[in-house]
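The first chain written gets the first letter, and so on, giving A, B and C; residue counts start at 1 in each chain.
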């Protein structure tokens, strides 16, 4: 059994990555070819010619109008994956067909369904509306991770690591010191982890972007919908400020940190990250600062998780972990992921 | 079971590669040491000292007259593989012996027999006489391929890929568009694939080398003797020109393209290529052009096949291929290769 | 079963390598973290946080006084391996413990015990007192070897290879030509190999360091205590000179060559080497010459053994070796090592 759940939606790319060009990305071990047809829709088909396996993304394969021509022997497919030409004969075998992947473009992401295509429609895609909302400004990126996706899930579900791994960027002593509360919505399959810090040092990430001086209230509300979408609702406010009974929260700064955690293979991961803010909307300087800072933080995680992957690859069998209170979110996430794996 | 037939002759090198120096090459997974003795014969023995496995091709191992001295402990062998000296004692163990490989130098190639040496003599070595004929001029080379040899067999048996992978060099639309005829000589174990194009664009490879202007008749007659020797009899002539009843063919240009397909390991291959022509025999400019063009074409294949090897290495189990008419030659070759594997 | 004996002492480092900094080295496949506490003792604990496996030697992990703080989530351990702080809670789980390795610092080496810690005390650590004796001057180093440790054992137990692999440095024809005598102390588990050459060319290594001119008597007395410690008592003297009945040997030069052979993994080795001499004690020029020469010789071995490791990794199953008289020491060593493996 694989440790990657099938019959699930995964983020394959940002919509902005896919134009009228051949684009390839491996998702859950499957090489997928993408292009945007002239009507604007994203096509996703296996990146492998049915004839002799040549990758359709590999030059001299090329896109001609809305058809892709294999660079090895010229098998030609339309945007629906149907083969429309083969060399040396006019009859096209009925089975010459690339089975398209279900695709949904939503919230700036291109989602693909991996597994039994018949189950795609009934499967809910979680939302991250801030990424395309006019009330927010978003910076985003993707870093390749040479580690299994579950290490990134562990990492993001337990933010006490900010204090140590990201000290000087987003971590301060109060993060690790403050207990969390964890709740699992078994029905919806969502893990919630909350840490509300009433009085904390303001790390540079937020001090420079918000302009807040002095100590802050810092709330971290995590919402993870396995396997792929991770939301961190981050609230920064002057100490003592709380939202009004109607939800109004004029003194606070809200940042929606979104990760899409997409397995590339059993041992590598696409680490999509986005930072959406509800302040300084048109301020390019703030955008540049947040993009650079968050990428630095992500790369600190990437470096640490790449090391962990090597530790796991070389350690003797039977090595144990030890879990404490900070791990309740991560352990809940593992349990939901195992349930998804068992069901697929 | 391996996918590499044993009890077969394979091209290990060009004769010109082997002089009075230690030379090593791996053939079918076996490391072989070659040198040319002072009487001009090529010696081939395992490239591994019987004592502690040290490669006899590895410095400070060295050739002293017609004997090789191991660089680790000084075991010394004559050209017949007999050990003639060991350190610290005068008695030489009877089993201290490198078992020589059967070697035949022929048609510019050094052939070695891999498998049961007793079967070598009865096993026919296919010929490529043009490579050493005074009526032809030959250019040649060898490119290392990081792919299994069967991918190169597939490639060379189906030349419709010239149109796509080698467009602008040797491919034109008519190649892929023209059907082939395939015949298998079960007795001799040879696959024949023919494509006679009556009226085609002349690709640069032939236009520049022959000086022909305008459209051409282009004949491709393949003769593959598994596992190693592939011949492509290529005939280029003005449209309408045909050979006379006596075989005379004065208006045509003939090129004998020869490949020796030698497995290095299960996943890598020595791709020997030769282009022998019966025109412009002394013309260095034509030789240089054909050598550079053919090497470019071979490297296009190498790049594509290296990619295919990676595709196979990483694809999920159970991936299928789809074959059409152009593949009849390749499928016949696979069948003969399987027969050879099963017999060995 | 592994080919690396457990329940054994191994040299992990020179004492001089370990200061008040985090230092990591893998011994017998186990990643070990070392540091020297403020009282001067060397601490050795597993280099893996009990929480989520993060290497404690990996930045931003750091040493604070005599405690190490994990750079991922801040688990903190004292020099005895006890966890003294975890994030987000004051209760520390009883099992949060790094089990320390038995450590002995002796003869310039840091020895660690690999295996069942209860067996450490009863297990004898072999000595190399010259390395810290005021009557000797020592040069030393360590070279990483990408080969299994048994190849280095083979190498050092059969010095006839000096003639071929180290010709021009420490090898002369007489080494390989002179028979050895081998004796095994089964009780103590020690292999002795002796080669006394009465009349030999003096190789540069000894000619330049001793100033001896002309031919020499050269004695090589090996004492190997598996798995880790190898001693070569090397005696160089004018031809005809012998030690007196009381052991006095005023005309001779004595060099104690010490190797510690420590498996890093199944396929890599730490090759510690030391050269202790009883002459020219304060002569820096001689020290520099011997250090550079011996390192060159060790690197010649490393290059050869790295090649052998690759030979073994790629050779067909069932490849044989052939042993002769020079191999009696190496074969005895293999037998003792197998006995240690079987017992562990």
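Keep in mind that, in the parts below, a contact is a pair of C-beta atoms (placed from the backbone, for glycine too) under 8 Å apart; a residue touches a chain by one contact, two chains touch by 3 or more.
Computed from a predicted model, the values in this text were never measured in an experiment.
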| item | value |
| --- | --- |
| Cα superposition angle of subunit A on its copy subunit B, in degrees to the nearest 5 | 120 |
| Copy pair subunit A, subunit C: interface residue numbering same or different (half cut) | different |
| Subunit A and subunit C, separation of their C-alpha mean positions in angstrom | 48 |
| Contacts with 2+ other chains: residues of subunit B | none |
| Subunit B contact footprint on subunit A (complex, rising order) | 29-31, 48, 50-55, 58, 60, 69-74, 86-89, 93, 95-96, 265 |
| Subunit C partner contacts - residues on subunit A that touch it in the complex | 154, 158, 160-161, 163-165, 167, 176-180, 304, 307-308, 311-312, 314-316, 319-327 |
